[in-house]
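Handing you this structure, nothing more for now.
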C-alpha cells in the first residue's frame, strides 16, 4: 500500500442528516490509517427507509451522489449505508470503484465468524427484503433468523429504551436460532454495536464498519467491479426525462 | 363474474409512447370480454430500460402512475410491462389491486407448458437481472437458459431483421437447452409472439399477454395482495423531499 | 379473442359425483364470458383421494377421460381437480390442449399475492405429497407451512363444523407462518373459499378457480404444452393389457 | 442374521415376461447367501414403460402384486424394477417390508462411489422423469448428466448393437460430465452391466443389483418403512370402483 | 456371489479399544453369511471425537490403518465408524475398495424408510458437523432435525441412564420433526439400536450396521470408488515430513 | 483503531518454506499500516497439498502452529494459506482470534465484484474440493466454473510458462463462464495476481491478499469467532496419543 490516502464514500440513502453523522462516526472508528471517510446524505427521497416504496424512491438520489462524485473526484470505494442495499447493482454500473451495501458487508463478515448468524432489525415489514438479500447473496444456510424490534428507524436515536430492547432481542435471537453471531439490521444501530456486543458476549456486526473494512481491503488490492460480462459496464447513453437531476451519462 | 367491467392498468415503465401502443395492443388481443385495458406511459425516467441504472430511474415514475390511479380511479389489476419487473414489490405496497410483472407472468405460464423454458432477450447485459428474477421467483429448475439477441430495446421496432433474428435465436435456444417453451424477454417483442411461435412450432410466451390473463383471473376471484405479514401494507406516512412529484401517501 | 366459446374440461379424479358438482360450481363462478365448463367424474378409482395409493389408482381413469374427450371433442384446456395433481405429466402427453393441476394452479397464483403462503388441507397423511409438489414446482421459498385439519375429504360436506374448523386453521396458519395468503388443499373446500377469505381478511386461493383462470388465459393466447424436447409428445404406440379400458393410443 | 431365508420380491412393472427373467437373473447374481429372489411380472399395464402415461398405467397392477403378496406370503423387501420408480410411495403404504425403486437404489450407491455420476438411459423422452427423481431424492449435486441412447426398452435385447452403443454412450458421458461412475437408466440393461463396466474401466451401477443389496441390508437390520408421521400408514378403507381387481384394503 | 469370503474393515477412528469392540459386535450382527468383519482401532489421535479438532487429529491415524492394510491384505470395503465421517475423501484416494462413513450410510438408508428422519446425537457442539454432512450428501430435505442428548461419547457406555435418555430424545424428535425414522448420531450408540427401536416403534438406523450392508452389497457387485475424474486416484508421490508414520505412497 | 500494531499470522499449510516466503510477500503487499504479518511454515505434513490425503496430513501440524502461538503470543487473526482451507473449523475452535481460509476469503471478495466468478487452479484432481467449498460457503450461484491448468503446486514457481498458461486459462474462463472476476485457486499463484489481472483486464483475486484485508477489518472491529452455539468453543480436555506433538488443550 502506498502512502497515498484511500477515500471511501459512505452514502446515507435517506435524507436525515443526523443519521449521516452517526454512520460517518461508525465508519471512521474502524477505518485503517490513511483512509478518509467521505460521508454524504441523499439529496432526494424519504427521510427514512422502511418499505420497498421508500427504497425505490431513495435510489435515484443515491445514484446521483455517485455519478456526481465520479464526475468530480472519484472515490476508491462506495458504501451504501442502508440495510436494504438499495440501488447496489445500478451503482456498480456507474462507479469506477467497488460498491458494497451494508447488508451484504455484514452478511459476509458474519458468515466467517461462526456457523450461523441472526439478524435483528427495525420493523417487521422489512424482514422480507432482508430475507431476499440473504437468499440473493447465498447466505440461506448461515442466516438462521431475522427478528424485528418494531422500533422505527428515526426512533432508534430518540427512544431511550433502544439499547435495552436491542440487547434483549439480540440475546434472544442467539438462543432461539442457535446462532454464533448477530447482524444489526439498520445503519442507525451502528452506534450501539459495542454496547450490545459487550452485553451479549457474542460478535455483533454492524454493516457500516464491515463495509469500510471490505472496501479498504479491495482498495489495497487495487480491485474494482468487473465488466467482462457486460452487466456492470457503463449504461448506454440515452434520454432520461422528467427527473429533477440530469441522469444522463457520458 | 358480474357484468361489470374489469379494468387492468398496463404500465410501460419507460417513456417511449410508441412502445406503450405496442404493449396495449398485445394486452387487448387477449383480454377476456368486458375487460378494459388502460395503458399508461411512465412520465419520468429513461426512454428504454437496459440496465440496473435504467430500472432504478424508472421506478419512481412508475409508482407515481399507480398512486395517482389509486387516488382517482383504482384499477382491478396492474401490470408492469418491463421484463425486469421494476418496482414490483413497491407497487404491491401502494396498490389495492394485484400487481404483476411481465417477467413473473411469463415464467409462471411457461413453467406449466413443459418441463423447461428458455428466455430470449435483447442485450446480454440484461441477462443478470433476468437470472436474478428466475431465482427469486423459484424457477431455477425450469429456466434452462437466457439468451441475448443483442438488439437494443428501441431498435426492436426499427430493425427490419428483428423477426428473423429473434426466430433464429428462439429455435436455437430450444435445441441447445432442451426446452419445451420460449419466454420473450422484452415487452417490445410482444407483437412478434405469434410470428415466432408459428415459425418454431413451440409455445412462445409474451409476458404482457400472460400478465393480462393472470390479472383477469385474479380479478374474477376477487383477490388482491395480502397484507397479513405487514410487508405489503401501505407504507408509513413520512417526508419525501427533492423529487419532482409528491410521493407522500395518506 | 374470437367470439367462439372456450371449453375447459374440469376432471374430478375421484368417483364421487357430488364432489364433481361442487367443483363445477366453483369453476363456473369465475369462468370468463363465453367460457364453457365441462365437468367430468372419474369412471374408475377411489371415492376420495387421501393417500399415494388412492392417487395411483385414480390416474388411469382420469387419463381415460382425457383420451376419450380428445378422440371425440377436444377441450381447450384440462384441469385436474385433486390437490395431489395426479397423472398431470401423463395427461400432458395425451392432451392437445394445456393441462393444469389445482395444486399447481393455486401455488402459482398464491405466490403472486404476497411473500409467503400457507396450505391448509384435509388429513396430515397428505402433507408429504403437497410438500413434494411445492418442491417440484419451485415454491419452497414461498410455501411456509402445510397444515392439516384432519377432516377426511368426504366429510368436508357433511361435517357441520367444516367452515369454522377451516377458518380457524387458516387464521392460525397465517399467524404461525407469517404468511400473506392461504391455499386450500382440497378441491372439496372450493365452496368455502369466500367464507374463509371474508373471515380471515386475507387472500384465500382455491385451486379450481385458479386453474380455470390460468387455462382461460392460455386459451386466449393459443398456447398448448410444448413437445420440443419430446417428453410431452404423444406416447409411442404399444400394447396395454389387463386394464378395463382400451388405453392404446393411435 | 439368523439362518432363516430372506425373501426379496422383485417386481417388473411392465408386462413383458422376458424382461422379468433378465431382471431376476441380475438380482440373483448379487443376492447374499440364504436370500431368495421372487420375481413377478405386472399382470396389467404396458408392455414397456417409456412415458409418464406408461408409468401411470403400470402402477395399479404393480400395487396389486404387492397387496396380493402381503395377503398371502409377505416378502422381506420389495424392489420396483423400472427406472421411473413408479408407484413407489403408494407401495410403501401397503407393504409391511421396505420398498425401493431401482433408480433410487442406483443413485444412492453411485453417490458413494465418486464425486459425480452420469445416467445413461433409453429414450430421451424419459430424461425428464429421471431428472425429477434425481432432484426428489437429493442427488442434484452428484448427478451430472442424463444421456439417451434412443434405444427403445424392448429393443435393448434384440438390437445387436446395444452393447456397443451403450458402452460408447457411457464412456462419452464420463468424459463430458467429468463423472466417476455410471448409472444404467433401465432395468433392461442389467445384463450388460459387467460388460460395460469392464469396457470403460469405471463403476457401472445397475439399479436391480443395487436394490437387492440395499434390501438385504435392511432385512438384516430388521427395518421397514416408518409410519410415525402417518404418511406411509395403511390407507383408509374405502370404495374403489371400475378397476379390474379388488383394490380394497382391510 | 462366489463362495469366497468378503472382508470388511471397520475402523474406529478414536483410540478407545472398548468402543472398537462395541462397533465390531454391531457390524457382525448384520453381516451376511461368509462376510468377515475386521475391526481396527486408530493407533493415533483422540480417545473420543467430539469436535472439529478431534476429527482433524484422528484423520492421519485412520488413514494409516487403511494404507497399511492396502499394503498387506486389502479389504473388500472400509467403514469409517465415527459419525463425522472423518477422512472419508482421503480414504477413498488410498483404498482400492469402496469406503463409506457411518453418517453417510445411515443417512442413505434412513432416507429410503420414510419421508423424513431425525438425528439424535451426543453433544450439541457436534450438530454443526452433522448438518454439514447432511447438506454435503444431499439430504437437506429429508433430515428434519438434529438433536443432542449432551452425553459425551465416552459416557455413553458408563452412564446408566443412556438408554432411557436416548429413547426419550428419539421419541421427542419423531414428534417434533414429524419424522418417520431416527438416525443415531454416534457409533457408540450402536448397541442400543434395537432397544430404542423397540421402545419407540419406529425405524432406528445405526450407521455401523447400515454401512456393513452397503459395503457387502457393493462387494457383491464388484464395485469400487471410481477414478475417472482423477479426484480419487492415488495421490501423487511426495515428501511427508514430521509425522510419526511413513505416509509416503508408492 | 488504536496505534497498537495488529498482528496477522499467515500459515502455509505445506512444508515448503519457499512458498511461505511468496505468501508472506503477498500478504505484506496489501497489509494496512501498522499491521504486522507473521508467516509460519507447517512443521509436519506434505511438501505440497494436492489431494484430500495431503489435506488430512497437513491439518495436525497446521493446528499445532495455532495452539503454540495461542500459548505464547496470540495473533489478532489467522489465515490458512492453502486453497482447500484445511483444518479451518478446527482452527476456529482453538484460536481466540478470527480464522479465515484463503478459498473462503477469495470467494467472498470475488462475489462482491461482479455477478459471477471463475476459479483457475492447479491440478484437476483438486476441483472437487474447491467445488465442495463453493457449495459449503454458499457461492454456488456466483461460482460459474472451476478450471485446472494441470500445473502441480511446486512447479508453479519453476515452470517458466506458468504466467502465460495461467493468463490464458483465466481469459478463457472469463469468456466460457460469462464471469466478471477470477479467483486464483492456489496460494502459490499469489505473486502472479497483478500480472494476470493486467493482462486480462478483469479483477483477479488472490485469497492471501483477500484474507489479510478481511482479518484486518475484523481486527479493527474487535471481532472474533462466536462461541454461543458451543460448536466453536474450546474442545473438551482429553487424551491424544500417538502423535508427534502434545495436542492436549488446557
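Note that the chains take the letters A, B, C, D, E and F in the order they are written out, and that residue 1 is the start of every chain.
Heads up, the rule we're going with is that contacts are C-beta pairs under 8 Å (C-beta built on N, C-alpha and C of every residue); 3 or more make two chains touch, one makes a residue touch a chain.
Going by UniProt, the chains are A, B, C, D, E, F = Hydantoin racemase.
Values in this document were obtained by computation on a predicted structure and should not be read as measured data.
Engineer: Would you identify the chain whose Cα-based centre sits farthest away from the centre of chain F (Hydantoin racemase)?
Structural biologist: Between chain F (Hydantoin racemase) and every other chain, the largest centroid distance is to C.
Engineer: Relative to chain E (Hydantoin racemase), which chain's C-alpha centre is the most remote?
Structural biologist: Computed centres place B farthest from chain E (Hydantoin racemase).
Engineer: For the homomeric pair chain B (Hydantoin racemase) and chain C (Hydantoin racemase), should the interface be classed as same or different, according to whether the shared residue numbers exceed half of all numbers used?
Structural biologist: same
Engineer: How many angstrom lie between the centres of chain A (Hydantoin racemase) and chain B (Hydantoin racemase), each centre taken as the mean Cα position?
Structural biologist: 29
Engineer: If you average the CA atoms of chain A (Hydantoin racemase) and of chain D (Hydantoin racemase), how many Å lie between those two points?
Structural biologist: 53
Engineer: Rounded to a whole Å, what is the gap between the Cα centroids of chain A (Hydantoin racemase) and chain E (Hydantoin racemase)?
Structural biologist: 45
Engineer: Any chance you could list the residues of chain C (Hydantoin racemase) touching two or more other chains?
Structural biologist: In chain C (Hydantoin racemase), 115, 127-128, 135, 141, 178, 229, 231 touch at least two other chains.
Engineer: Chain A (Hydantoin racemase) touches which residues of chain F (Hydantoin racemase) in the complex?
Structural biologist: Spelled out, the residues of chain F (Hydantoin racemase) in touch with chain A (Hydantoin racemase) are 1, 29-34, 98, 100, 104, 108-109, 111-116, 137-142, 174, 178-181, 194, 197, 201-203, 205-206, 209-210, 212-214, 216-218, 220-229, 231-232.
Engineer: Okay, in this complex, where on chain F (Hydantoin racemase) does chain E (Hydantoin racemase) touch?
Structural biologist: 15, 43-48, 50-57, 59-61, 63, 87, 89-90, 92-94, 123-129, 132, 135-136, 152, 229-231, 233, 235-236, 238-244, 247, 249
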